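All chains are identified by letter, namely A, B, C and D, in their written order; residue positions are counted from 1 within each chain.
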Amino acid sequence: MSKYLELKRQAFEANMELNARGLVVYTWGNVSQIDRAEGVIAIKPSGVAYADMQVDDIVVVDLDNNIVEGAMRPSSDTRTHTHLYRHFDAIGGVTHTHSTYATAWAQAQESIPCLGTTHADYAYGAIPCTAVMSDAQIARDYEEETGVQITDCYKDRNPVESPMVIIAGHAPFTWGKDAAQSVSHAVILEEIAKMAYLTRTLKRDVAPLKQGIIDKHYLRKHGKNAYYGQS
Amino acid sequence: MSKYLELKRQAFEANMELNARGLVVYTWGNVSQIDRAEGVIAIKPSGVAYADMQVDDIVVVDLDNNIVEGAMRPSSDTRTHTHLYRHFDAIGGVTHTHSTYATAWAQAQESIPCLGTTHADYAYGAIPCTAVMSDAQIARDYEEETGVQITDCYKDRNPVESPMVIIAGHAPFTWGKDAAQSVSHAVILEEIAKMAYLTRTLKRDVAPLKQGIIDKHYLRKHGKNAYYGQS
Amino acid sequence: MSKYLELKRQAFEANMELNARGLVVYTWGNVSQIDRAEGVIAIKPSGVAYADMQVDDIVVVDLDNNIVEGAMRPSSDTRTHTHLYRHFDAIGGVTHTHSTYATAWAQAQESIPCLGTTHADYAYGAIPCTAVMSDAQIARDYEEETGVQITDCYKDRNPVESPMVIIAGHAPFTWGKDAAQSVSHAVILEEIAKMAYLTRTLKRDVAPLKQGIIDKHYLRKHGKNAYYGQS
Amino acid sequence: MSKYLELKRQAFEANMELNARGLVVYTWGNVSQIDRAEGVIAIKPSGVAYADMQVDDIVVVDLDNNIVEGAMRPSSDTRTHTHLYRHFDAIGGVTHTHSTYATAWAQAQESIPCLGTTHADYAYGAIPCTAVMSDAQIARDYEEETGVQITDCYKDRNPVESPMVIIAGHAPFTWGKDAAQSVSHAVILEEIAKMAYLTRTLKRDVAPLKQGIIDKHYLRKHGKNAYYGQS
């Protein structure tokens, strides 16, 4: 029996949850989870329909993108996932979607401003939009460079406090402590992106939420004095 | 057996109905109901998934926010609920959501104008948007002050005639004679907010409904000469 | 057994279909069907939930709005329905909804221009928006005058060729050869209204469809040389 | 037994899939598949409800629009389908819908610009909008001329690389290697059209995706060096 079975099972369940939440058209989107001790990730196979996917179709690759276990080709976005795991030590799962409203912001090549407490509860400050990829980057290694686009945004940002990003002209990536949380962040990002779209089209010159409320909401759910939830 | 069982059951059913109506993402949103004779309310526990929630998870607190019964921590918005029950004598249930279109208006920090009879049937005049919370209020007691933001809007407004409000930069609260009616008002507010969004983006300078029709529609469903429904 | 049973059954089925098509929030909306020989209509009772409604709850009223059969109060919009049946000889069913996009156009107080063949297949020319009701009309007989608002739009229009109308500041009415067709027209109007909303917000100065295509599409589905469908 | 049974079955399944994907209101939309060896296509009958349709209702016609097999009248859009099959040698299936967002772009009479990689993955460059049909064309043969409108757009375009088009003032057509793929292209077009609508209304002056990314994305899914999927 595979020593990666539990890892693969968690990646599989998270991919199925992403589909069940209605964020996926056909085979778009993929979720991975890392086993830091083993130095491997489990990720969706490329182009496989969710209805047909089995736990054993999940591919295990190391952080240099070599296949460790699995008969199928891993997601074509795998090199972006591994780039994120190599640079963000604290994350355990990554999700990529083309969810509709988040993708619209990516296509508009604009960061999503923090306009309300729904956003402030999950992401600290604006959800950043990366720079447009240069021709040199495209020629070099497109999927790896998509990762570079993301990590370039986090030189002065904490990936745990801002677990959502949109790639200019492309679509979002989210992450979390594990694959399941990265999926919930993808679901929440889509809702935040929709609310921000509606707000902006309702009132073009809307101001971001005041800093004091951003701090209050983020801290009531996160950090050592958090008082939301049951622990 | 708990003497609050029936109260808890009604709060539980109303919370489940809120989720069934599609107004909730994950654990967002909470509903409470009051027992005026006992001076207590029953409210959703904080951060519990709807699929897992049981009647016994509902928390009973008094109007000073002390837990009277229940093993879980009550909703982090409890202090806003109790503030409303203390100040609005005629209400029996309160609902808080982050429903998409109502939240967009809250984020735009604008009251929802009465643009049609759908709105006029349920809320008299514009659905007010509160002021933005001051830094002093945030520092003092955020959830209690959210209640103050609301009651400040009702100095010259009747909460029974206007059972819907939106908090600037945050989201809506609604209320009613009991928890179930507060939920139906949350559902209706979301539909009114969507219609108003569509109307405003279709025609930026649209005028509010004329006062004569506002009065006619509100009075044909409410007051002693109402002739809508079966009683 | 009631001699109106079949009429009531058809009105009942059409009301249930309206709800099943997702055009109804709670008890909003009502459908009727006429028996011209008997001079009566069957219509939804006022304020009754669709889930609870039975065939026997359908109310039969004559064209002067007197109850002929039924224990419940008929829809509060009954006088609008009977006004339409009295003035439009060729119609057999009437539907009233507050469907979202059609209502947004009503609230914007604008006729829905014919922007494409989807519209042209079902309604000839713009879908008219009535005038705003005068104070004198509101005081006189609100629901009867809602009918007057509609028939005023049809002095130079054929109700069979234009079976959809929106009431300024209110919502749509549709009709057809029977209750079932009036419901399908309500469903189609909502889709036409949504498409027109999207088109207008995408391109503010969009021109109506050219007259030659309007004529072509209407005539390929209607009239003696129609060639759409199976007969 | 019909020698066209398998062809009819595939056309039937594709029509049912179109409906299951939520792209159809009532009987709107139709799908066909060609058998190049036999010189015939199988297509949906005109105006038949999806819930009632059987495999045997599918109509087989030759490329001159003569019925070869079937008791029903074929789709009123049949002449557009056969025009496409006669002019685009490489296609095996055609789908026509009035899907909401793609139709809005058609009504706005604008091509859908390539704003992101979701679009670039499936269609190379803008999705073209045809010219408005001339009065002479309408008088001549409306459905055949709808085909001419499309093929006129492909004088300098490859139909395999751009399998989606919108007809000015009307709605989209898509195609693929078979009926099933033409349906998936219809589903994807609707999503692309929605994303482009949201992007454009969010930011009026948004620029198309840079050419280097368009090329990269199209080529990673198509052509001899493609590396998306499992073969």
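Just so it is clear, contacts are C-beta pairs under 8 Å (C-beta built on N, C-alpha and C of every residue); 3 or more make two chains touch, one makes a residue touch a chain.
Every value quoted in this text rests on a predicted model; they were computed, and no experiment measured them.
Peer 1: Give a one-word verdict, same or different, on whether chain A and chain B use largely identical residue numbers at their interface, taking over half shared as same.
Peer 2: Different-residue interface.
Peer 1: For chain A and chain D, what's the span in angstrom between their mean Cα positions?
Peer 2: 33
Peer 1: Rounded to a whole Å, what is the gap between the Cα centroids of chain B and chain D?
Peer 2: Here the centre of chain D sits 46 Å away from the centre of chain B.
Peer 1: Mind pulling the residue numbers of chain A that touch at least two other chains?
Peer 2: 201, in rising order.
Peer 1: For this assembly, give the contact graph shape among line, ring, star, complete and other.
Peer 2: Chain contacts: single closed ring, each chain with exactly two partners.
Peer 1: Quick one: in the complex, what on chain B touches chain C?
Peer 2: Touching chain C: residues 115-118, 184, 187-188, 191, 194-196, 198-199, 201-203, 206, 209-210, 212-213, 216, 220, 227-230 of chain B.
Peer 1: Would you pull the chain C residues touching chain B in the complex into a rising list?
Peer 2: For chain C paired with chain B, touching residues are 25-26, 28, 45-48, 72-73, 76, 98, 100-101, 103-110, 132-133, 135, 138, 142, 169-171, 197, 200-201.
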